[in-house]
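Two complexes follow with chain A in common, the first pairing it with chain B and the second with chain C.
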Partner chain A sequence: MVSRRLSISSNSLIVLLGPFVGFWLFFWMMPLIFGVDLSMRSDLLVEKSLKVRSVHAEVSDGAYVGFDNYRKAYRDEKFWRSLKNSIQYVLGTVLLTLPLALALAIRLIGLPRKAQGLLLFLLMIPGLAMPSVLSTLFYLFFHGREGFLNQYLILPLGLEPVNWMMDPSFIMPCMIFQSVWRWTGLVTLFFLCGLEGIPRWQLEVAKMEGLGGWSKLRILWMPGIGHLILFAAIFLTVDGFASFSGAYVLLGGSGGILDSGLLFVTYLYQVAFPGGSGRFDFPTATAMSLMVMPFLATLLYGILRIRRHRLGK
Partner chain B sequence: MILSKFFLLIGVALFLFLKVLESKDLEMWISSFQDQVYYEKMAALYGESRKKDFNLSVSAYGFREMPDKLGVALRTGQGIPDLVQLDETFFGVFLNGPSPFLNLRDRAKNANLLEDLHPRRLEVFTFKDELLGLPQSLSAMMLYYRKDLFDEFGIEAEDIETWEGFRKVGQKLMEDRGQRMLALDGTLFDVFLRQRGSDLFGKKGNFLPDEKKALSILTEFAEMSQAQIAVMPDRGSVFDPVFFSGDLESGEVLCVIGADWYGLDLFPQFAPGMSGMWGMMPLPAWKNENGSLGPRTATFAGQGLLICKASEQKEEAWEFIEFVMSNKEANAERFLQGNSFPAYQPAWKDPRLLGEHQYFRQSMGKLLVELAKEIPPVRVDPRRPQAIFLMQENYFGAVMSGILTPLEAMEQYREAMQTGWGNVR
Partner chain C sequence: MKKFLSVCFLSGVICLATYPFVWMFLSCFKTNREIYRPGQLLPGSFDGSSFRLLLDASYLPFMKIFSNSLLASIGQATLATLVSAGAGFCLAKYRFRGNSLIFGLAVLIILMPKQTFAVPLFEWMSWLGLRGSLWSLLLPGAVSGMGVVFFYQIFRHFPEEWIELSRMEGLSPLRTFWVIFPLVLPGVLAFFLLYFVLCFQEHLLPMLLLDDENATLPLALAKLKDSSHRIPESVGMAASTLSIVPLLLVFAMAFRKLRSALRLVSLS
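Moving on, here comes the complex of A and B:
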């Protein structure tokens, strides 16, 4: 009887997990294996695919070059620069968005339903729009002389207009600002949902005890939505590292002056595709992606450790 | 009975096979959405002129997207088109290894195209003595200037003969009226280098063979930029639609440097309300060491037609290319539709190409024919696209805004080219 139950449960496990495992193998493992293979090949075009006979003695079909592409990537300063920029971008976005969204959610929870809904909707508009559309808006916002920021803030103060997107010290803050603007509304919604779940009696007790704002935040709000903060942090981190279209529109496909806004995915695009920056080096771009994988895996593991630690508590 | 059924079956299979072969469209990829209408029209014209059923499937992609797609197709060997329209800026990208394009030299020679196409433009698609594409546009750079404001400020376009003179006029304009003269773009570095008789690559493939000239160009324009005579647009590009609606329409600058396709396509498209305000003149020349003046133009970008080696319809593709390149109507249509001024020299006598242009109210054709004799050569190298983009995106703007000195930029530029290309080759 027990063995039959086990068999049924293992069968249903296979049925339930089968599609996931299948997709995982097909869409994740196979590309990864092909990616590893590609990362060890020459960036020269291959005769077989061109259907031509080789005139280059040094190139043969699918020429393997060992770890040359990894070495090339390791020596590439722009690769490290793009990684550093992406980390800055992610940290800036996460560290600004989370407190801002939490503060907004706490303010919103005390408002009447109708006002709350309207304000939340307004806050969420940037998150619902396409990144390229947002970047175009932001581009007009940051435009050198005619932009909104210069016209209504800098020039009225009697200052010289700032060319935001041409000044290396402003490019990254502008990009972070764009990301914060985009995601704050959506993250506020998550936090608001979490705050709504905190039992009302706890709030009443806090009120009776005369808890101040900081104490309420520490004892009530934060523990109540800790899991949502973690989720939002993971979401923003993943989005930040994969960010491409926003930066592409804002900086026209380049990394900006002195590569100040060169994000990791933008650089991969530049290396891999002819239209990126006149290079056409898929293998090295693949090697770069694979080099970053252990770092991202460690980061994810770290975040999950925090979660386990919290659950343990 | 069985035998007759067998033969019938074979006959049907053969018929279907031939039908499939016959109905296979010639596939063409182009990197301009505007050109789609042109090529579809040309396919119809070609079919009519040859009195045959000719099917051309034209897929239009963006300027950068097409080379991306072509790169993927060539790398994987899947879905390679028969012919492509490729900008010369990206041509070098595909020269890294065996050429994916067919050598057209013999065919072009037999069709007289080696003589009829402008020799300097043929060089742009030539690599290791193989002619891998045919150039469609002359792409000679001119100075587009605000006629109305030049008149208002009392500037005579004819008086500006050299860059030195241009700078003096700009300086006076800035001092007297606080008006900026010129919009800069990172791609101009390569243009100015060739206008001064140098290039990005030397005969032996050495990068920046004349660093002195390169430095002096950067210094000259950096000084103009610091003095507010010249200005970089926001995203460092004069090809940006916002540059037209912002910087140009607000009169922030009086001059822009661009090729024929720039004036034919971008001006009417992005600044339609400025019709009649812009004039065209040769680029100011650089003074040679002996005091003589250098060429008043150089070329930049421009599309060419290439046949992929993987094509199974090479002859059909060639016949179509030959028709588009040498047909009188095809050349005139290219100009009239606002694509480019043709590199095919016999077409230059066509009055439709020499007449007054509707937008500029001046003959673009006559000016280009005059400048065509002065076009300096371009040295093709697989690293050329990367060199152009690196300067455009990383260093030119940094030097113009004073973040890097010309010398620092040159050092970093060399280093980046070395790293980007790897030490493998």
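Moving on, here comes the complex of A and C:
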């Protein structure tokens, strides 16, 4: 669709677009530039500025140390561990949430309107709850020897009850479960809205052709909401990398046993604000996020661009 | 058979999504012993002492925290809605230099959320002298890449003729925006609500940026869970219930509008 867009005077442009660009510069770009600068300094300035709380940080004091902080981060095993965990977490969430949400949306679209709305709303409840509520519920309800998971999943299969949070190999599945639980409803809502946009005549044709479930999925549903699936995948990826609350509350701020639940942002937080006697190492934490995030953003941006070319837009 | 399986699948997922919350609500009335036995749904007796303990501020100034949370989230959502609607309108309907650049910028913001550079943001806010107050949360919350893309989609499907008509009538683009703003109200409402929820749930930034007296709900909930051995579990359950019920009510009321707006946005 080529739109015949009108031109716009610069005055109107400033009023309409100015706030966005201004806020962007001031609260997104500036912290980033500040961060680049910070990541090249020694961590002495932070201690100074935290001691005199409420007084502005004296930026001039931290000596420049070049790329030392990056080197430090690069050699830090826990940093790589947290990255690996985050990637696992993201992959698990995306690969479970998307098919589940798609299946739910396809089931729901055939239902009468009233029932559909009600069921969709019920599905969305975990998405409206705070991640910390989900963590608490997980801890009290699903977890534990008498918890839901052991009682209804593990014992009926004839296995030994699992001690979920104490066993390193089960912490990550727990966190992924929690994330899937949280996002499935909202993603289903999104997909369902997309499926409803598919023209009615296509459905009728599919019915007349007598398409089976699988070919219907391939020919009818997937092309209709392919772009939404991509968008949801990217949203979940970014959110997974940025997620903090669920893991923080579930594991009480630690990385869990053997750090098997240590996520990227949780580790950044641990480096920057260590409890107890640790040093506030803001520069290294900043260096870490600068090592990861631009890279990830470029990768995802590339994927978006390629997709857009293929769709011919 | 196939039908039966599909019904089983659907009801299983719905149970998983709702049953824990029913359990949570009923757990407000339970003793610790009963809560540690998750198989039990109904409490031994209904007494609302947990709500009383919570609202009396015996452990936390809950009302203050709740209103902080509401204030911060409504503020962020309002600012972000206005800022993004203007930008999205410009990008969708007018031709100017840098149009696609700014759209790319919005996508970039989605891909690099502010949580991931929370530490530099913390430093920047201290440098500005805003750290500790609600402003340090509100102002960065006004930038939403998602919002710009959302409103771009909303306005893109708005009939071109109306814009041309308003130009012929001699209205400036700003006036045009103001005139058609009420017409996209479902979209505005939908974005407002979704962004409100995201802000309401935000944990990391309030923890870093806010002083204790400005604490928001996620912090309070984490605290209640951490110190569960001193505070009865039912108080935490009551706080959780109170944190979700308002959202459920608002979403239930606006659900139809929300869906019609999302349908528009999800068109390619």
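Operating definition for what follows: the second predicted complex is superposed on the first by the 258 of 313 C-alpha atoms of A that agree within 3 Å, B and C clash if a C-alpha of one lies under 4 Å from a C-alpha of the other, contacts with A are read in each partner's own complex, and residues count from 1 in each chain.
What we mean here is this: contacts are C-beta pairs under 8 Å (C-beta built on N, C-alpha and C of every residue); 3 or more make two chains touch, one makes a residue touch a chain.
Bear in mind that the values here come from a model prediction, so they are computed numbers and not experimental data.
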item	value
Partner chain(s) touched by A:306 [first = chain B, second = chain C, both, neither]	neither
Which superposed partner A:139 touches (first chain B, second chain C, both, neither)	both
First (chain B), second (chain C), both or neither touched by A:282	both
Touching partner for A:28 - first (chain B), second (chain C), both, neither	second
Contacts of A:159 with chain B and chain C, given as first, second, both or neither	neither
Chain B versus chain C as contact partner of A:115, first or second or both or neither	neither
Touched partner set for A:252, first chain B, second chain C, both or neither	both
Which partner, chain B or chain C, touches more chain A residues	C
Touched partner set for A:205, first chain B, second chain C, both or neither	neither
Overlapping contact positions on chain A, where the chain C interface meets the chain B interface	49, 54, 56, 59, 139-140, 144, 146, 252, 273, 282
Of all residues in chain C, those that touch chain A in their complex	6, 9-10, 13-14, 16-18, 20-21, 23-24, 27, 35-39, 82-84, 86-87, 89-91, 93-96, 102, 105, 107-124, 126-127, 129, 132, 139-140, 142-143, 148, 156, 160, 163-164, 167, 172-174, 177, 197, 200-204, 208, 217-218, 221-222, 225-226, 233, 236-237, 240, 243-244, 247-248, 251-252, 255-256, 259, 262-263, 265-268
Complex contact set, residues of chain A against chain B	42-52, 54-56, 59, 65, 68, 72, 75-78, 139-140, 143-146, 163, 165-168, 251-255, 257-259, 273-280, 282, 284
Sites on chain A touched by chain C in the complex	3-9, 11-13, 15-17, 19-21, 23-24, 26-28, 30-32, 34-35, 38, 49, 54, 56-57, 59, 100, 103-104, 107-108, 117, 119, 121-133, 135-137, 139-142, 144, 146-148, 151, 181, 184-185, 189-190, 193-194, 196-197, 225, 227-228, 234-235, 238-239, 241-242, 244-245, 248-249, 252, 264-265, 268-269, 272-273, 282, 285-286, 289-290, 292-294, 296-297, 300-301, 304, 311
List of chain B residues in touch with chain A within their complex	63-68, 70-71, 74-78, 80, 89-90, 92-94, 96-100, 232-237, 240, 242, 246, 250, 252, 309-310, 384-390, 392-394, 397-398, 401, 403-404, 416, 419-420, 422-424
